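Just dropping this structure here.
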Amino acid sequence: MMGTYFAGVDIGSTMTKVVILGEEPIASFIGPTGPEHRKLAHKVMEEALGSARLAFDDLDYVVATGYGRINVPFADKQVTEITCHAKGVHSLLPSAKTIIDIGGQDSKGIKIGNGKVLSFVMNDKCAAGTGRFLEVIADALGVPLSDLGTVGLAATAPAVISNTCTVFAEAEVISQLAGGESVPNLIAGVHMAIASRVYAMTAKLKIEADVVVTGGGAKNIGLVKALEDRLRMPVLVPAEPLLTGALGAALIGRGLYADAVISGEPVRRRAKRLGEATFFS
Amino acid sequence: MGPGQIRGRAMAQTESRGLSRADRYYTLYGSRARELKRAGIPVIGYLSALCPVEILTAAGVVPLRLKGNMSEAITKADAHMETIVCPFVRNVFDAAIKGQYEYLDGMVMPHQCDSMDRTSDVWSYNLNLPYWHFLNFPHTTDNPSLEFTREILRIFIATLERFTGKKITRDALNAAIQSHNRNRSAMRLLYSFRKADPPLISGTEMMKVLVAAMSLPVDESTALIEEVAGEVGQRKGGSAKGASRIMLVGDQIDDAAIPETIEGTGACLVMDDLSIGSKMYWQDVDATDDPIEGIAERYLRKLKLPTTYVSTGDTYQENLKARFGHMVRYIDEYKVNGVVLLVYKYCDPYGFEVPAAKSFIESSGTPVLYIEDEYSLSSLARVKTRIEAFLEMIAP
Amino acid sequence: MAEIKKPRALATQAAGKAGKFGRANLAATLKAKEEGKKVAYTYISNGQDEIIRAMDIVPAWGENFAGICGAKRDAEKFLQKAEADNFSRSICTYATCTIGFDMWREELGRIPEGTPWGGMGRPDMIIGSAQQLCDPRIKWPQATQHYLQDVPVWVGSMYYPPWDPHVDHREQEQLYVKFATEELRDLVRFCEKHTGRKMDWDRLSAIVDFTDRTWDLFIDTYELRKAHPTPMDTGDAMNTMVPLTFNLGTEEAYNFYKELYEELKGKIAEKKGVAGDEKYRLVWGAGLPSWFALGDFQYFNDKGAVFPAEVTYRNAEKVERLDLPKTNDPLEHIAWRWVRFWTHWYDRARHRPGSIPKVERIIEYLEDYDCMGVVFHSAFSCRSWHAGIVQQAEILKKVYGDVPMLIMEGDIVDISSYNEADTHHRIDAFVEALEASRKRRQ
Amino acid sequence: MALAVGIDVGSGFSKAVVCEGSAILSSAILPSGGSYRDTATRVADEALDKAGVARAAVSLWAATGYGAAMVPFADLTATDISCHASGVHCLFPSVRTVIDVGAQFSKAMRLDGQGKVTNFVLNEKCAGGSGKFLQLIARMLHINVEEIGALSLKSGNPVAFTTGCAVFAESEAVSRIAEGALPEDIVAGVHKAMASKIVNLVVRVGLAEDCAVTGGGANDAGLVKTIGEEIGVKVLVPPEPQITAAYGAAQLVQAKGVP
């Protein structure tokens, strides 16, 4: 028996995502991680199990990934989001060679070859080019985060945002707004600024097509378009760009489980319970 | 991350005397120098691997390499020093003006980089110590440079003599050179225990020994290193074989939090090319008729900091070998399968090296993880994730 | 993306012509091949210009190229090119901008389209310099060679005795001069090797002599700016420095300052100033300018603030003031001139307890040019000129008095930390402080 | 006697003060929102309504702050630096050092006996010492910025932040919370981090007593207390620190009259 159900849980800085896998993905759920972090992760898992009509014990193997993966009491193993994104994206879009993930607290570039990570970069100690940047700007402009993308598309002449520091870029946006610059132009300018930062970072990997964009940023059509302009090539966006990490985690779990079964070794599993995750040890 | 707990684990491993002394000297950094100061021996602090400690030892003072503290936020320095200065230099300066080194009688600032050269006045002005010397090492290594180096070393000696009121004799210099060579070979022996799989001494323990060693008079330092080597030599090779073996490359990485972060991922830190590590210990001072000759030769030509312009080699490839070849030798000797290159933000000398160093090491078949960071714990959680991803990437 | 920025209104004709020097210097590097001349990447204020000129080598100045990219607000593409190969954004952007351009030119085998002013030609050699004040001048050549592996690099040392209130630098000058002279001699050997021609020592002596006269003329010209109203300020000086900085030892440079001298005389006669109503005279105390924001000098001028004197790019002095020992060796003369240029402020600093040479220089300009405030610029990517400014301000306050001071923050080439609204806001507040202090003086 | 209105159009909030001589008749505060121009008018009208005064009765208008240029009807515009100085000087003539903790920038100013600015230092291109830091943390803790001060005063052992970057301090705070740190210790830690940056500005401009704190940050008792501890002198706080610049503007325009 190769095992039947596997789960991947991706605990990001703002959202927790769970994918449950049988032969195919059978359920997924996205819920807030919560400001206190990780506290709500198990709730998201419960939701996902609920929609899959499964009990926690039905899961043969659980892999946790993401910012809050450490000390997840209901995971057998932790794997970084880098490896998981690569695995997940490869399974959905095998042609992918470069992944650009724009998350809440950080953004990363990953170069992959048949599902394995060849090299990767993460943004340095600065929120420029992350979703956080978008949140701050959305707040400042009083535009819902989810609308930034479409609003930005209405731009006639994108504003030039020169500051990369999130806080000062916000100041810059506010003063340009006060100076009469239009909201769409400002948003488009911010998208260009982020695209430029993300590009500069990802270029270290020698970008190759196909390029896949994941993470919250991928849901922002304006940002995706700005990225395509900067990359001078079209990019692919998975149907569920937030779930690729969790999907990859589940796939890795299934793989480990299968390997162990084939090699006849006992599957290395932890006695786990569906409880609150704590922070790093 | 919670370094506290990881540190706790590291402590638990150091059950033996030498290692726990090293741990104490690491934690209470400079405590021994403070004692000696109370006993009336002057303490001279210095920055950088470029300071010829042989001369300080010969002068009868206690040389103390100043160390930073990554868990201490920089709170006072910014009033006097730009934030575009090397974060390590800022961190130590911050500690100094907060009085952490109040027991210093003086300081030597070797001319390593702009961050030291351009802030030398800021240090001397704000610390106002009885003795201050800016040791103006050149960055080139041709014969005129060597001749010049000898001269500035003589000037350095003269200022020390004026300060201590004691002549620094040729015999004292030769004796100091021998002691420091002994110290270096003792450390090299300790390093050799890292070749085992798994290494007999962890990177975290090693970091504490390295830091402790630079806070002690040379003979005490040697005794400590030999004691630790004795203990480590007794250890039976652990069972956990096959973990990734990492080499750490950078300049003044002197905080155990970094090796703890690396080893917290399950990897072993087995070698380094750090200016408080192997860079300090791999090159001895040759015995020469005029001891100044040997000292000048060692610090100008053998000690290859990025601010020393290496012109060796007829082709660029040969030049790269001359600059980075030793790292590839380490990789081979210590069976390293991944290199972490950690460079501080605002560091021009190392910053300009990154593409060349990275590609040279990678062309030898060993992957490199390049991290640019501040001198602060705040980003280590992020750094840890990168290292874990790096390990997953290089895992067979 | 390149932006069209309305150029600063120049107060002098000469400043307008300075741009031609920059263009001509770049063009020369592109024409050199067909003229059978060798091109050398080299770096400013290294004391090497005269040797390079005497050897008929065409200098290609990275600082000039990067500065132009910055001024055109068109550096980002080169900075990102360098960043893509892991050059940090926090290190010298003169270097990373130029290296990004080099990488690109090597990839294409030709100058990338849209490179400002046609770009720089591929060098036949790179001449760096290790010295007191700039690590990038050792590391930049080395890093460039990573992309131009066949191009030979030479790096020599040009040091001067470090400031120490308790040490008489005269005891050390000989040592430093000897060292610098030998290094320059090695540079001559390097140039001879890679040009295949011998140094014409008489010609070098003539050029060295000519440089002395250019230095004198330059200072005489700049001292005309003591006039009220000042006929020229730092906004122009950031242009008029070009011949001294990039064309030292050439006729053109000397004639440029002759013209400027006459022009300033004329303005003084007509009492033509820089600002409509000259209210506040300021010293540009330290820092390379933000090349992408030279318009900020205009902003000062519009508020009646002018800069009759600046430390930046005033890398010359009246030669007699340096009191150089006689020598028939032009290299030794260069060395002495170099060392004394840095040390001749030391005595003043020693006579004012708690002071340092850099502050003495500012005080001298405050007094000689009748200025009431100091402005500094702190560029985040450059430690060599910009680390220590906070302390200069602190010491100036302690040893001289509480003159109004402003430290602006930005960069030389990288616009990403610059915010015009914020910068102008700071200038406005500074001008209000100047006004208050002016009222107090009256 | 003639009435003067001072309007401070800041990047975060706009404030208006109606003055008769040095007496404050009324004041109003509104978020700056979309257009500085409209906000300036609205906040002025609100203040005038409170004072029951008609626009026509106002003889002098003064504008300051980021959006000062957006107040076309102003008889005088001056930077918030001079206006803070003037405002503080009128309230506390003995003050020689003013610390203004604004939304984006913090400033330290030195005043002469007439309340004129002799020198000033703004925070570097880092928001670590600005009110923004407090906003980010409040947002993360799901509390109002106003509650931070009182909360901070309860703290037993402030969290030691290892970063000066406001944005990353936020994620560091998140981790500390998850590690069990109490909200009061987080905000107290933020106050320490901010205070050390602010005090560096004071050191650079040169501290002279008396010292006053103004701007939005001065509403934060915890921050004010921490700043006081760090510089080691008692700090004065205007009754309504946020309107100090607007008040100062009104004082300046009266002193100068219409040019």
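Residue numbering begins at 1 within each chain, and the chains themselves are lettered A, B, C and D in the order written.
Just so it is clear, a residue touches a chain if its C-beta (ideal position, glycine included) is under 8 Å from a C-beta of that chain, and two chains touch if they have at least 3 such contacts.
Note that the coordinates shown come from a computational prediction; the quantities given were computed from them, not determined experimentally.
Enquirer: Please work out which of A-D and C-D is bridged by more C-beta pairs in contact, and write that pair.
Expert: Result of the comparison of A-D and C-D: A-D.
Enquirer: Nearest whole angstrom, what separates the Cα centre of subunit C from the Cα centre of subunit D?
Expert: Those two chain centres are 40 Å apart.
Enquirer: Could you put a whole-Å number on the gap between the CA centroids of subunit B and subunit D?
Expert: The computed centroid separation for subunit B versus subunit D comes out at 45 Å.
Enquirer: Just the number, please: Cα centre separation of subunit A and subunit C in whole Å.
Expert: The computed centroid separation for subunit A versus subunit C comes out at 47 Å.
Enquirer: Out of subunit D, which residues touch more than one other chain, so two or more?
Expert: Each of 66, 124-126, 163, 168, 175, 179, 204 in subunit D touches at least two other chains.
Enquirer: Residue numbers in subunit B touching 2 or more other chains?
Expert: Where subunit B meets two or more other chains at a single residue, that happens at 2, 79-80, 345, 372, 374, 378-379, 381.
Enquirer: Mark out which residues of subunit C touch at least two other chains, giving numbers and ranges.
Expert: 85-86, 380, 390, 394, 417, 421-422 - these are the residues of subunit C that touch more than one other chain.
Enquirer: Touch graph across the chains, line, ring, star, complete or other?
Expert: Shape of the chain contacts: complete, all pairs touching.
Enquirer: Which of the residues in subunit A come into contact with subunit D in the complex?
Expert: 13, 35-39, 105, 125-127, 132, 136, 142, 163, 165-168, 170-171, 174-175, 177-178, 180, 278-280
Enquirer: Under the stated contact criterion, what part of subunit A meets subunit C in this complex?
Expert: Of all residues in subunit A, those touching subunit C are 160, 162-165, 168, 171-172, 175, 196, 199-201, 203-204, 206.
Enquirer: Contact residues on subunit D for subunit A in the complex?
Expert: On the subunit D side, the touching residues are 9, 11, 32-36, 66-67, 70, 104, 125-127, 130, 132, 140-142, 163, 165-168, 171, 174-175, 177-179.
Enquirer: Which residues, counting only subunit B, touch subunit D once they are in their complex?
Expert: Against subunit D, the touching part of subunit B is residues 2, 70-76, 78-80, 83, 374, 376-379, 381.
Enquirer: Taking the touch rule as given, give the residues of subunit C at its contact with subunit B in the complex, in rising order.
Expert: Checking each residue of subunit C against subunit B gives 85-88, 90-92, 95, 128, 130, 132-136, 138-140, 142-143, 145-146, 149-150, 153-157, 159, 161-164, 167, 172, 175, 178-179, 182-183, 186, 356, 378-384, 386-391, 394-395.
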